[in-house]
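Here the structure is laid out as structure tokens; the discussion comes afterwards.
Residue numbering begins at 1 within each chain, and the chains themselves are lettered A, B, C and D in the order written.
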Amino acid sequence: MIGTVSEDNQSIVDQLRRFVAQRNWAQFHTPKNLSMALMVEAAELMEHFQWLTAEESKSLTPEQEAEVADEIADVQIYLTMLADRLGIDIDAAIQAKIRKNAAKYPANAADGAADLK
Amino acid sequence: MIGTVSEDNQSIVDQLRRFVAQRNWAQFHTPKNLSMALMVEAAELMEHFQWLTAEESKSLTPEQEAEVADEIADVQIYLTMLADRLGIDIDAAIQAKIRKNAAKYPANAADGAADLK
Amino acid sequence: MIGTVSEDNQSIVDQLRRFVAQRNWAQFHTPKNLSMALMVEAAELMEHFQWLTAEESKSLTPEQEAEVADEIADVQIYLTMLADRLGIDIDAAIQAKIRKNAAKYPANAADGAADLK
Amino acid sequence: MIGTVSEDNQSIVDQLRRFVAQRNWAQFHTPKNLSMALMVEAAELMEHFQWLTAEESKSLTPEQEAEVADEIADVQIYLTMLADRLGIDIDAAIQAKIRKNAAKYPANAADGAADLK
């Protein structure tokens, strides 16, 4: 799965590796624990939407948007660290998945039936 | 929060927008629903690790790794779509978060105390 | 935290203990792993609602209701096993929590502001 | 799915109904939203275990145990409210599930292969 990571993404990976190394946190960052941390952050992200109506979730206040951006960053950070720990290239994995989904949900047949998995 | 997205990431955003538009799925993709879908995919990712020991989670079989890569792609896809829907630039959000975390967890003080949030 | 568990609940605890013992699963059932399994089941439960509107979620078909009941059972089973493993009496914990919430959200002040946590 | 709920459990259901009614929160408590709230609480519960080793998770400090008991109560409260909202009898659902699992994982065949789902 190792592939070429875009320069910007590689720079983020490098920053995160340095951050973790400087704090001696690698010992805690087993893939198992990182998958849990990712999950916890995803829940903190979702929590912002739990009592909002569908409509309300579309027009966040600037304050809500800043908090949501912060949680999105947390999810992305743990996802990036987990993929890096396992030697998985996220971009390549996405391309494979998009191809798979395109075959699974042909554009016309899937019209309006939400189920992108 | 809108900023410059790297060319590779922009290309993925474009592909996902097209994929959703061709299937008429935008109606289901409220931020609220996308945050739920992200969560569900994060759980499917974590499920691969739930009965593994910490050690076992470090050395996946090629088959497990392929399945995990697939789930990582799903999480990344929903995270990217959610951020796009809200006009949030993930790269910028990460940079802001890394700065915040560097201030919150000074390299020496945080030595060995895992709590990157 | 150990307290009196209602007879019916105790019977379920006993059944679950026996089920686990007969399959030699206690080795996997660390509190950490049980908390992950609970989370995964909660996600499978939520998945049934992710693309439904608020209204649709109120009137499930009999088939959907049966599937949801099945997932609710899974969540309850893991929650019960986790509490049992830790020696925590769920009923007592609920009573303590209801008292805490009643103080935190006085009936009038909290009128219509959803935030029961 | 409606069945007889044990007296103690019914008393908890009654308390929760009253609590919600007195605060005018029923409007927020769609099954969809309750499934999200349940998930968020399950994540807060799991968060207590995310950086612990398997061993550490078995021997919580009294302070950790009290916090975990508090989160277990939250999960149970939302699970009970969700089941009540949908007219699902949790005890009956568990009995059906235990029978199903007993058939799916015969005691000997499943020896030591953790996968109770």
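Rule of thumb we're sticking to: a residue touches a chain if its C-beta (ideal position, glycine included) is under 8 Å from a C-beta of that chain, and two chains touch if they have at least 3 such contacts.
Bear in mind the structure is a predicted one, so any value in this text is a computation, not a measurement.
Asker: Pick from B-D, A-B or A-D: which interface has over half of its contact pairs in common with B-C?
Answerer: A-D
Asker: Which chain pair shares more contacting C-beta pairs: C-D, or A-C?
Answerer: C-D
Asker: Distance between subunit A and subunit C based on Cα centroids, please, to the nearest Å.
Answerer: Using C-alpha averages as centres, the distance is 27 Å.
Asker: Taking each chain's centre as the mean position of its Cα atoms, how many Å separate subunit C from subunit D?
Answerer: Result: the chain centres lie 0 Å from each other.
Asker: I need the residues of subunit C touching at least two other chains; which ones are they?
Answerer: 28, 33, 36-37, 39, 42-43, 46, 49, 51, 53-54, 114
Asker: Using the touch definition from the top, list the residues of subunit B that touch subunit D in their complex.
Answerer: Result: residues 36, 39, 51, 53-54, 114-115 of subunit B touch subunit D.
Asker: Going by the contact rule at the top, pick out the subunit C residues touching subunit B in the complex.
Answerer: Touching subunit B: residues 28, 33, 36-37, 39-40, 42-44, 46-47, 49-51 of subunit C.
Asker: Contact residues on subunit B for subunit A in the complex?
Answerer: Touching subunit A from subunit B are residues 1, 6-9, 12, 15-16, 19-20, 22-25, 27-33, 35-39, 41-43, 45-46, 48-49, 52-55, 57-58, 60, 65-66, 68-70, 72-77, 79, 82-83, 86, 88, 90-91, 93-94, 96-98, 100-102, 105, 107, 110-114, 116-117.
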